[in-house]
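Shown below is the structure under consideration.
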């Protein structure tokens, strides 16, 4: 059993965070300048939509756990705020002009995008890691992401405008590899805090809706001007279709025909993920809706049947089910890209898109994500970083001052052992 | 008393939803294409504001009921996601080009608009219908709405830029007719779940505020470019005025002078509804604020005095009080349009606006809404569709898996009969 | 001890609010018209972001108190809805054209801005004032703010694009002067309701995030077209840096190394305040991040060490800690403006910026805020306005109908005296 110091992060966390921030600022001082004369004005509304998705969307989507809301929305904010700085540098190093990284609204969108990978992986390990571990994961994942993105976009010249592969599949499989390496046998029996309450599910719907609503902006933000509206329209209808299918299947797979909040919160979004790769191609609303329907089916079945198997057979403990929201629909998006470039003639910036390039992009993304995630998991396991004990998983009070009243209330109703457990851990 | 199967929707709902989605996709495949060269870029921020109103605004506004939050925000999402697809088709069939429906951001705004009618009607029957009934209502109401909108805009050539008549009054009186036909004598005494809690009222304020904030976008989204800013300014000041009046009257009509959450959540929005018809006309902020004040007065008095009468004397059980937020202010908006076109010289797209056309638009809207709603109510009453029992009204657990902890908590505090009731219904 | 009538506001509040609204409308009828041919289209997305900050951001940020959520979000709405009308007039009187006040989206942004001062001051006195007092404060503060803003921008010709001085420092020191004059010795021992619950802290995070996300729009909204993107980029990175520092220091200053919600909710925003004055100057992301770091440090240390001192030694009871979020970072922003104009050559609209002008702007702002706040506090103390008793502080039920269930629940858990206290106050 871990000793008290494992989760007392007073100096370790503070010093690491300050050190990283100082390094980041120094690098900004050396490398970062403004970009002159860009299309920033027109892109700013898109940026703000993406920005809301990253901080409110991802943050609140993960607040479904009954005692992990502070961490979900708070650590999400920490990861994203650090990640957007780190992402600016890592993506910028691949696109320097005269030895300088140029920032504008487009680079801010890309910086926000890069944080999404770490936030998706955060969903896989939610409740089982420390803020220290998450800072390290953020650095490593965004660095590797920037390399893979360069490989996909510049070397392989594949299209992935809405980042089904480079963000969603990448973030999901990276996170799954991390959580596999950090496997906790002690959580084989469901942890008492690994569940929602009525109000925590309501908070999570705030996240779901803002993700759902602004997904057309996500998938179109880096499209070329002429294709932006195409990406918006396709994403709008793909999401609508996946939502109807999710409601239908959610009822169908339940023995009493009831809707499940976990499915409504997550699988409704699968259409946005899966249509990403070919969002700006002329697949028409019809094509987008077909992709959305498949995504909804895959996601619901993943949550209902595959995730329990992955957990029991492969020791993959995926707290938020990111495999079903980002992993499978991300792969679906990659496959859709292969099919669309195979059966139609599509170009991007004058370059012919081919199913071969698309398949290579999907393969490299999955491979790099899994290897990168496994290495990251191994690093996060280093003993001096500290771990949360199994008992303390899914519990804000390990890292946050939690209001007394609430704790009193909880004790009152059921968890009499909360207080003593809490003391022991400190 | 209804038997268990009435609310077990496993196969009925799933098959209906999947069937409707397949039909919709087939129609999209045949008819829907992209529109080239439109003003989509400039309209996209307006679209996103409207989009947030539909899903977050309407969805959370209805979460005030203590045990019906999942359904409010969830079924709202279901209705809107299906409705926007159906609305694209129904509105598109009136405006085909070469046998095709052309989609762009403007058509997406209109599709979102069309769902608002069904969501307003949902407010009238909230807590008393099944998801199956709501899908059918959505199809019927949007179909009828598209016909009436065509009549008002194209045949009568009346103005209604913010849709006071065609959306708000239409949705409200349609919903009131439905709820009248579905009258439940068993709910004459207030149902124990037909009330709010402290936190459910807080969630509802999220809905109120996003509706309030983005209403200027709603009222200006389909205005011509030159009048858009006029519509924004008028709506901004109308809402501000109706908000102050609502606070003042909310205190005045309470015997202890206290504010009522139901009024603050709803009547503050009446200024946005009522200014809709003439939002893009040159009524100046002064005119807009006068309309806002009247709307606030009408709405508060409606909630306080008229709704109880409608319920006790006319058997109209209007859960959210849509008559006071959308019905009366919608009529007020229609009347304002008649007066403004009577006393000033106004044109739209070069066509002279006349009080006669405006009055005909208001009359036809109310008539079609009431008849359409009554017919829809009769269809929803068909026994094989299933009904919620009176006892199970306003209760998520009939259609949703609800977290155990919460149910335990509720039982613990007061509702010991919850569990047994729940079992009986299944 | 105040008698029952002190908080029964039925006629006093209603008549005051209606009277103010009527006066406002008459003034609008005389003075306000549309502005033709402005840059409203381009500014509208910025306006909407600022609008969300004012109503959702400020409103929900203050919902952290366990029994004061209705008032926080509701009275915030009242103040803002009245304030934006009053601000239109007060700012407009300084910029009349042919005896008329011209409204467009830019004037709406400025009207929203003016309400922010009253909302910041509301944070200082939160839980201790009546709606009547807040209406009077709003009138007085916005009137004085408009004068000071004119002095700073037109007379002194200082720059303050993001209003670090004219809004944040002004609102904070105005509010601190008010709360000093309204000092309540009876609250020296922490009031039992002056604390948060788990869910009230979650609601507050909604406010934090929407403020954080849209702050780049706030700081750039009134920048000249060419400098807008600069202001956006600087604010984005300043906020990110202050967020990391806030997390680091929040852990560091806690003896068990835990994060504090009050710090994460507030100090993460300090970077947005402090970078305001020179947001549109070419300080580069590096400069912005340095300001953000300092702001985070100042804000955390202010909450942790200075606020308790101000309360115990200087009788300044600052409920939300606005001194640490708006006051100190606002001064820091003013100082940054002095330094930047001293060490670099900066012009605004062709006018040379000088450290002397900047220092005069900071000094005049602080002086006018403190004197204006003290006078306002003295007026609010007038006995016939009514006061909340110490016992009834931080309690919605004095001004709002609060759902019975919740009160029942609260009584059940701990506050058995709630009901009797409530009766006594009426």
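Each chain carries a letter (A, B and C) given by its place in the written order, and its residues are counted from 1.
Just so it is clear, a contact is a pair of C-beta atoms (placed from the backbone, for glycine too) under 8 Å apart; a residue touches a chain by one contact, two chains touch by 3 or more.
According to UniProt, the chain labels map to these proteins: A, B, C = Ammonium transporter Rh type A.
Quick caveat: nothing in here was measured; it's all calculated off a predicted structure.
The touch graph of these protein chains is complete, with an edge between every pair of chains.
Judged by shared residue numbers over all numbers used at their interface, chain B and chain C contact each other through mostly different positions, with under half in common. Chain centres here are Cα means. That of chain B falls 33 Å from that of chain C.
Each of the following residues of chain B touches two or more other chains: 45, 199, 206. Within the complex formed with chain A, the residues of chain C that make contact are 42, 45, 49, 66, 195-202, 205-206, 209-210, 212-214, 217, 228-230, 232-233, 236-237, 239-241, 243-245, 247-249, 251-252, 254-261, 264, 268, 282, 284-286, 289-290, 293, 413-414.
For chain B in complex with chain A, the touching residues are 8-11, 13-15, 17-18, 20-21, 24-25, 28-29, 32-34, 38, 40-41, 44-45, 48, 51-52, 55-56, 59, 63, 69-70, 73-74, 77-78, 81-82, 84-85, 103-105, 108, 131, 199, 203, 206, 399-406, 408-409, 412, 426.
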